[in-house]
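In the two complexes below, subunit A is the common chain; its partner is subunit B in one and subunit C in the other.
Moving on, here comes the complex of A and B:
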């Protein structure tokens, strides 16, 4: 049983999906989703602690076929760190989903909703675990296709979800297809699809033009999937008009998985010594990252809809992850992993709290939260803490992210970039202040609907808030794990 | 020139790829975008299928003769999977187009943008 854990955590939600689609009755499908995401979370915690204790890479041969002939699932320091983030947030989002889905989605569609929900989670977990490059594509499409359907389910409440889902589908498919083109070139060069095998065989042909073209296609496809500026236009409408539960799950996990896959492919397969990677690609990613940090933050300041505001801020935060990757150093990658982890927690807290408001009044905007600070203090405080963590205020997880990011930049003497990172983070204060002003400094207008909060509304968000603060104060286990993850790809001391 | 002839399959694939990609980017009609996307994906299928070709190789079915040269079946199998994914994408895409048409009465990008902008402005003035 224990040796099958790497496959089980993907298989359980994957097989649960068709079962959930068949279940009828109010909470059956939800209960199944909760059970399976909980099981996946438990398994990923076990895998993580196992990996931490032994420090070894766990390789699972599917069907007993060893690599490179068979497909393998690999639990190393990097995948072991990312798995609990995804399954943990999936679990908490599933707890919250019951109330949110009841409020926003037609009762007839609940079973199908949870089927797509489980599929998208299975796809994300699969992408992280698999050691086969084509398998990544298959899981990428499993998670994306169900995500398109989930976003479109927002149509019952907000019909703009439909064109948003369509644009997401078009751009998502273009991104995935670019990835497959790059993979095709790699396969022609090396004759293998196993990631370990690829990286070994690629060393002989790494100065060919085909290898660089493959890198370009794969990186571009994944930039599109991770919504790196300027390829981010699908993200904001998709997150803003999706059902609240879906916004929370996707904003916290979907783009992070693509960041992880990018790191796994670029550093794990091509390697830091790949000609043109450190200078050309590094410079490109750094530039796009810092540009995205500014564009996302400025766009967020102009938004009045809270979902759109924090979707725009995701563009900025993904920019910071890109800066970590673009630093092309072990510290930079560790910073990217730390921020990947922390940002997932913050965004889950924010979107779960916003969802609790949106499910009641249809839409969380500066207008509908006016004066809400006294009516629903716990929900609004969750949003406030999430916002402060996005800025990078000390005692929140966001501070640790920014600390290591700036450290990685200073290590390479990127003084200007470090200063720009600091300025763009400080700018985020503007949109957090807008929320404080609306929620606490203004009176609730007369005749405005009364907002309520009960534990079902705020407990999921607060679980994430506590994690955000917890990892802000007791950061060293996460930092150690992130460095271990970075050292899978780039050697060197801390 | 000899390069062009020897690699004619790649030139064909790239031509098809760009035709499809152009349609995805440049067309405002959602159905045309989907058609472009399908052409784009199909070009990638052809890239994989043609790379599995081995000169003078036969279909990869065991003949019992050790000297038989086989085509590489692996890219073909990969593309079977990719075709399934492509069909699913197309199905979801057209289903969304039908829903968009039912809801908005148009599937033209520029008209949709106008309607959505009007909705957003109305929402912003309410907020």
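Moving on, here comes the complex of A and C:
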């Protein structure tokens, strides 16, 4: 049983999806989703602690066929770190989903909603676990196609969900196509799709034009999927008009998986020594990352709709992850992993809290939260803590992210870039403070709907808030795990 | 009591007070009484710690490898803890009198954040490394924001935005960059006698690194990052006392001095000449702020610019990078705290008793409020630097430090500044005692503020006097 955990992790939600679609009756599908995401979370925790204790890479041969003939699932320090992020947030989002989905989605569609929900989670977990480049594409499509459907389900309340989902579909497909074109080139060059095999055989042909073209296609495709500036335009409407539960799940996990796949492919297959990688690609990613940090933050300052505001902030935060990757060093990759983890916690807290408001009044905006600080203090405090973490205030997880990100930049003597990073994160104060002033320092307008909060509303968000603060104070295990993950791809001292 | 328990007490007592404020929110007398009592215990602990030898450390936790939250008092930190600890109960007594006398609302919220701010100041004072210092520095900013915006008026909100904007932006963009820079360069964040930077950096870059700290520590209100301080005077007067004397700006200049002494090392700064530019900037800040102060007729605004000028002295002491100047700067932290808190207490007493804020309306007020104006005169003389008041010593030591380092022009700056101080602070005293009464005053009969306000301002005025005679206790030796 124990040795089958890597595949069970993916298989449980994948097989649960059709079952959920068949279930009728109140809460049946939700119960199944809760059970399966809970199981996936438990499995990922076990895999993580196993990997941490032994320090070894766990390879699972699918159907008993060893690589390179069969497909393998690989649990190394990197995938072991990312899995609990996705499954854990999926679990908490599923807890919250019951209330949010009841409020926002037609009762007839609940079973289908949870089917798509489980599929997208299975797809994400699959991308992280698999050791096969084409298998990554398959799971990427599984998670994306179901995500398009989930976003479109927001149309019951907000018709703009339909064009948002359509845009997302078109651009997501373009991204996936780029990825698969790059993969085709690699297969032509090396005759293999296994990631380990690929990296070995690529060494012989690494100076060819075809290999560099493959890198370009793969990186570009994944830039699109991870919403790196300027390829981010699909993200904001998709997050803003999707049902609240979907916004929370996707904002916290979807783009992170693409960041992970980018690191896995670029550093795990092509490798840091690949010609043109460190200078050309590194410089490009750094530039786009810092530009994204500014564009996202400035756009967030101008936004009044809270979902859009924090979606814009995600663009900035993905920029920070890109900066970590662009530093092309072990510390940089560790910083990217740390921020991937921490940002997932903060954004989940924020979108779950915002969802609790949106589910009541239809739309969470500066207007609807005006003076809400005294009416729903716990929900608003969750938004406050999430916001402070985004700025990088000490003793929140965001501070640890910034610390290591800037450390990575300074190790490479990128002082100016480090200053720019901090300027953009200080600008985040403007949009967070706008919310604080609206919620606490202004009176609730007369005739505004009364907002309520019960444990169903705030407990999921607060689980993430506690994690955000917890990992801001006891960051040691995360930092160690992130360095271990980085060392899978780049050697070097701590 | 063991040394680490004493550190824990200094950090924990203000937190306890803030918790009890919330618990006792429906019983105003108990709520304020316990804050005063805990303040007195804190002051006793601070005095006890000041008298002890160094070497105690309190380790709280480690965020990650090399990132510890820990406290290691050294002489400078103990001095700042002493200043904050002793002035806290005095300020609490005054706060109680002011808040009731001026009819301000939301006492509980006010007392709560006041105590948190003291906790943050203690954390800064006793911090054993740059990370701990930075964490508590930010806590101090965020905990004083509700105090600055206490009145909730649009003007207070605007001031709050300037306050938070300048302090957070400067600390996140520049100070944190400097801290991480030190971490990358030296692989440590711990303070050490003599500094930790020598040998880890090309001397060419030291002035730039110093600039990250000089401008990153916005609380030191070095021009051009001073705007938040005058803006914050919209807050009730006890907040001004907290900002100007007890905690906030003192935390700023303390941090500058601490970084200069225990991170850069004054010998390293002097040998590389890296802080020469800061000498000139601090001199400019001293004179420019004094000139602006002369143009202000609102009493609190004038005092605010006077603070900016006086903070320049302390930054100057750090920048001169001699042992004598650094000692003078450290002494000035205490001397200016005692002097300036007296002046602000008097400003608040004048407001509560007669609702006057403009200097032009204070003609003849000295005869109506003789105690308050005598205290004001003592505080003013200390700031100007006239013996037998505390400010005289720190100025003499700064002058000596400037001579040591060959900065003769700085002597002229210090003398000119004393002259300017005399003009803009003396004016208030002269108007109060000697000018014909202005129309605003209803009678010539003595009418002081409540005793809860008069007592603290007498105490602090006496402190200025006592500091002059007991100065040898407050002169720290930084070697070199």
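As a convention for this text, the second predicted complex is superposed on the first by the 494 of 494 C-alpha atoms of A that agree within 3 Å, B and C clash if a C-alpha of one lies under 4 Å from a C-alpha of the other, contacts with A are read in each partner's own complex, and residues count from 1 in each chain.
Keep in mind that, in the parts below, contacts are C-beta pairs under 8 Å (C-beta built on N, C-alpha and C of every residue); 3 or more make two chains touch, one makes a residue touch a chain.
Everything numeric here is computed off the predicted structure, so don't read it as measured data.
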Checklist entry - Of the two partner chains, subunit B (first) and subunit C (second), which one does A:184 touch, if any: first, second, both, or neither? => result first
Item to check | Touching partner for A:153 - first (subunit B), second (subunit C), both, neither | outcome: neither
Checklist entry - What is the contact status of A:252 with respect to subunit B (first) and subunit C (second): first, second, both, or neither? => result neither
Item to check | subunit B versus subunit C as contact partner of A:77, first or second or both or neither | outcome: neither
Checklist entry - Looking at the overlay, what does A:170 touch: subunit B (first), subunit C (second), both, or neither? => result first
Item to check | Shared subunit A contacts, counted only where both subunit B and subunit C touch the same residue | outcome: none
Checklist outcome for this item: Counting only contacts in the complex, subunit A reaches subunit B at residues 134, 137-138, 141, 145, 148-149, 152, 155, 159-160, 162-163, 165-166, 169-170, 173-174, 177, 180-181, 184, 187-188, 193, 304-305, 363, 365-368
Item to check | Contact footprint of subunit A on subunit B as seen in their complex | outcome: 17, 21, 24, 30, 33, 37, 40-41, 44, 47-48, 51, 75, 78, 81-82, 85, 88-89, 92-93, 96-97, 99-100, 103-104, 112, 116, 119, 123-124, 126-127
Item to check | Contact footprint of subunit C on subunit A as seen in their complex | outcome: 391-395, 400, 402-403, 406-407, 410-411, 415, 418-419, 422-423, 425-426, 429, 433, 437, 441, 472-476, 478-480, 494
Checklist outcome for this item: As the complex stands, subunit C meets subunit A at residues 61-65, 67, 134-135, 138-139, 142, 149, 152, 157, 161, 164-165, 168-169, 172-174, 176-177, 180-181, 183-184
